[in-house]
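Sharing a structure below in structure tokens format, with a few things to ask.
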Amino acid sequence: MPRTDPRNRRPLALAAAAGSVVLLASGCGYLSGEGGGGGGGDASDVDCAPFEAWAEVEGTVSIYSSIRDEEAERMDRSWADFEACTGIDIQHEGSGEFEAQLPIRLEGGNAPDLALIPQPGLLQRVVDDGYAVPVADGVAANAEEGWGEDWLGYATFDGELYGTPYGANMKSMVWYSPAYFSENGYEVPQSWDEMTELSDTIAEDGTKPWCVGFESGDGTGWPGTDWIENALLRTAGTDVYNQWVSHEIPFDDPQVAEAFELAGGIVRNPDYVNGTFGDVESIAVTSFQEAGLPLLDGGCAMYLMGSFYSAQFEEGVTVAEDGDVYGFVLPPLEAGAEVPVMGGGEFAVPFADRPEVAAVHEYLSTPEYANSRASQGAWVSANQNMDPAVIEDPASQFAAEVLLSPDTVFHFDGSDAMPSSVGTNVFWNGMIDWVTGTSTEDVLETIESAWP
Amino acid sequence: MEFSFLDELPKIVWMLIGIAAFLGVIGLLLVVIDMPRTRRDRWQAFLFLAPALLLLVGGLIYPVLRTTYLSFHDRSGDAFVGLANYLWMFQRPEILLVLRNTLLWVLFAPVLSTAIGLVYAVLVDRSRFESVAKSLVFMPMAISFVGASIIWRFVFAYRPADQEQYGLFNQIVVWFGGEPRLWLLEQPLNTFLLIMVLIWVQAGFAMVVLSAAIKAIPAEIVEAARIDGAGAFQLFRSITLPSVWPTVLVVLITITVQTLKVFDIVRTMTGGNYGTSVIANEMYSQAFSQGQTGQGSALAVFLFVLVIPLVVLQIRRTRKARELS
Amino acid sequence: MNPTPTITDVRDAGPASRVRRRLSGSAASLAALVIAVLWTVPTAGLFISSFRPADEIRTTGWWMFFASPEVTLDNYRDVLFGSASDGRLASHFINSFVITLPATVFVLGLAALAAYALAWIDFRGRDWVFLGIFALQIVPLQMALVPLLRFFSQGVTVGGAQILPAWELTGAMAFTNVWVAHTIFGLPLGVFLLHNFISQLPRTLFEAARVDGAGHGRIFLRIVLPLITPALVSLGIFQFLWTWNDLLVALIFTGGDTATAPLTVRLAELAGTRGEAWHRLTAGAFVSMIVPLTVFFLLQRHFVRGLLAGSVKG
């Protein structure tokens, strides 16, 4: 091309420029992905009655989250009817770098309309920095009906509600294989001591009783915080737990050290871990997604992980009380004592107050949406008006039962609620140090010294 | 959501439009440049430079100034905090570890890449398989850091001793009667293993550039030394090395700049965990994951300051070369 | 890939030195062989693994392939066209192209223009501008992310006055942001390399054209561009590889979905979330490598020439 005579090239260049302008004008809609697709789609075979209230609203709403792959596709299906019956097109984007990317986008002025934020610490940050907007009135009304103070408290700042709970999960869940248990005559333990005895028995039978994996890319270490939080709720109780999360007692309080020792009795016990993955140190590099899979072939017997772990099992694995895998609630210290439950969830937080955003948010906060999403599988909401009957997979049913039971005192995941420089950094790193040989005292001291 | 080429078509159309529009704009610019009214050197130079300068000022110079400003402020960017962010950097043990790691990278990666590249270039020079041999070592240059990280994570993969190893490193250890180890967990060995990945990528670059420099040594000089009875090693020390020394320096500086900015390898190999983080990774996680804009900016400025002497060096060399030519 | 022309000159230097050459030659060959093997084996291992069934990758080393060769293309089918969790790399593959080609063309065009002016038009402060551009090579990209994003989403305001509007692009048009970002980050090196090349052209060339009354625009198009084609090709290859292999810029400016994210982003994500799913990772890694490796092997010599233009002289 450089050899072309410029006298020929000049008109060529002009033509190219002119041509592209014409194309730009006519093809904009096609290229920008507007028109067609979700919004205003085919509503003929959908019952639109439930969406009456939003039928006239139009526009595009972007949702940003850390939810990807199959989970994201289930999510897309869960609001397909809503899109078909309204003029709203929901564009969801999931990213594995959500926690780092959301602040970049907010700072860069590129905010999504709604974000599903899993950490109250991050939620507080986006509210403090003035990016989030309070929820619309209709959303607030739905929230009042759906969730108790234990949930909404995390999204309320200065009396204003900035988000509504979306999905919920239960992180006091121990995965095990009912088939393997019954084959070997093991029984689900009712107290921490029984659990230790069971672990000893399994270890004597020649299997490492526990699988543990802390690796999670950018978030490596977080599964460890679940162990500590569950232990602390059992040794010290709700009040101390809350004081610890809000730093009314120091991070290295002796009561916290006690909880570390309790958890360490399992996690750092070379006789108990780490089924098929190696010794205690291997916990640091075993990904949490992989860590529970040895349950299926007897590589280990128990795995502490949130209820969302059911999504990791491939098709053909029966998740049921009498199937290949299932869960039990991590037992209290004494049999029969109150069982503290710990868990987490995302909050749907709006960054724009356009009517279509409010409409989508309103829909997401209804029990109808919770039912729609739950019926797609592997998902639970803490919405009190959700119909547990729509849940098909037994693990989610189990989690829903525990979460929605009036006896349950729900505790939000403490590390997620701490300031992010601790909760998503030093605490996580500390857990890695802790399983690779650093003493409990040193770990606690390091974390305490980093509290802002 | 099946894959369908139709869904992909708009992207390709937009790409073609983009390229066409760009060429159109350049064409127009050249037309304007040659219009009689603009025929003054200063104006023409300005027009030639304008698009590039505009992008550079907005995309690089302004961000440097802004980051420097932010590094003296708190996380919200409002309150002036003086040197607090810089002091923080040198007080926190985990950040000191990051600084130490960066130092290790800078000390080892450039020197070893250049040394291996040079030795290899000399060894294969004028051998029968030279071009194939050079391709093999140069190949990693074409592989992304993400791809390289996957390749090497596979090499370091670990299985407990009672199972069969599939990671090459551990299998070799087992063959020699050792116990398999979690390579990426052992500090500070893991940092050196990551450095090794960068060396693996950069040695090819050093090799190619140095090989060309070796070929530029006049044949007569080599010949004369050889007639004087110089052995291979002597030849290397008294002829080859002095002749290519200026090139060695350029290669060293180039790789050092690359090393200081290394991000992808650490991010995908360990995520900066297990005590392997470096400044470029830490500033990303401080500024974005943790929202500590001030602290992240301070790290960025520190990194920038570290590289400045290298650039001054390079500039002085370039200037000297210009004066000579 | 031809052997260099000077080979025969040195080889025969008398019987004594020939013996010595051979002695040191075998040790040297061995050393060279060791390095070559070390550099190749990791890639080869991954390559072989990508054709092995998933179960075998997980249970035995790839070297066992030679004992029981079993070849499958399932891994590739899965990562290219399978379900979302397998990777579905075909879309990302196209994205990589759509990002890389324009970013390369833009850098070539703008860098050539700038390099020409810096080399052959006299104006005050020319050296300073050149050195300034050179120095920009060292700016850590992380510094530039937020300001650039802000520029795209809010435009440019100086003292309250909007001088450039925001730039809300969706769908396929969203690629424009990545192009601009890559162009900015590629310019310093591009200007530097091309300047080295252009400034070496003989001065008489320009003087003759000026005497004929040609303007700079015409000289640039008719004389300079054809002459620097080799340098353009090599810089083009360099920029192509750089953009194709980039992770950070893509991470920030494309997001993570199939609509715009390139291969590297998706692959890094697979590596993060599917820690031990080696059958997907091995095949995925090779899908991402195939284009740069092809470009590299086809155009190797041009590539090398481009590197040399910047580094060897002086």
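We call the chains A, B and C, going by the order they appear; numbering starts again at 1 in every chain.
One rule holds in what follows: contacts are C-beta pairs under 8 Å (C-beta built on N, C-alpha and C of every residue); 3 or more make two chains touch, one makes a residue touch a chain.
Since this is a predicted model, take the numbers as computed values, not measurements.
Ranked by distance of CA centroids from chain B, the top chain is A. Between B-C and A-B, more C-beta contact pairs are found at B-C.
Each chain gets a centre from the mean of its Cα atoms; for chain A and chain B, those two points are 36 Å apart.
Annotation: 12 Å between the Cα-based centres of chain B and chain C. Residue positions 1, 10, 13-14, 23, 26, 30-31, 271, 284 of chain B are each in touch with at least two other chains.
Contacts with at least two other chains are made by residues 6, 9, 31, 33, 73, 101, 104, 107, 215, 217-218 of chain A.
Within chain C, contacts with two or more other chains are made by residues 84, 146, 148, 171-173, 217-218, 221, 268, 272. On the side of chain B, the complex with chain A involves touching residues 1, 10, 13-14, 17, 20-21, 23-28, 30-31, 76, 92-94, 158-160, 163, 182, 184-185, 271, 273-274, 284-285, 288-293. Listed in rising order, the residues of chain A touching chain B in the complex are 6, 9-10, 12-14, 16-20, 23-24, 27, 30-31, 33, 73, 99-101, 103-104, 107, 125, 129, 215, 217-218, 220-221, 276-279, 281-282, 284-285, 420-421, 424-426, 429, 432, 436, 446, 450. Residues 2-3, 5-6, 9, 28, 31-34, 68-70, 72-73, 93-97, 101, 104-105, 107-110, 215-218, 286-287, 289-290 of chain A are the ones touching chain C in the complex. Put simply, chain C touches chain A in their complex at residues 83-85, 145-146, 148-150, 152-154, 166, 169-173, 217-218, 221-222, 225-226, 229, 251-252, 255-257, 259, 268-269, 272-276.
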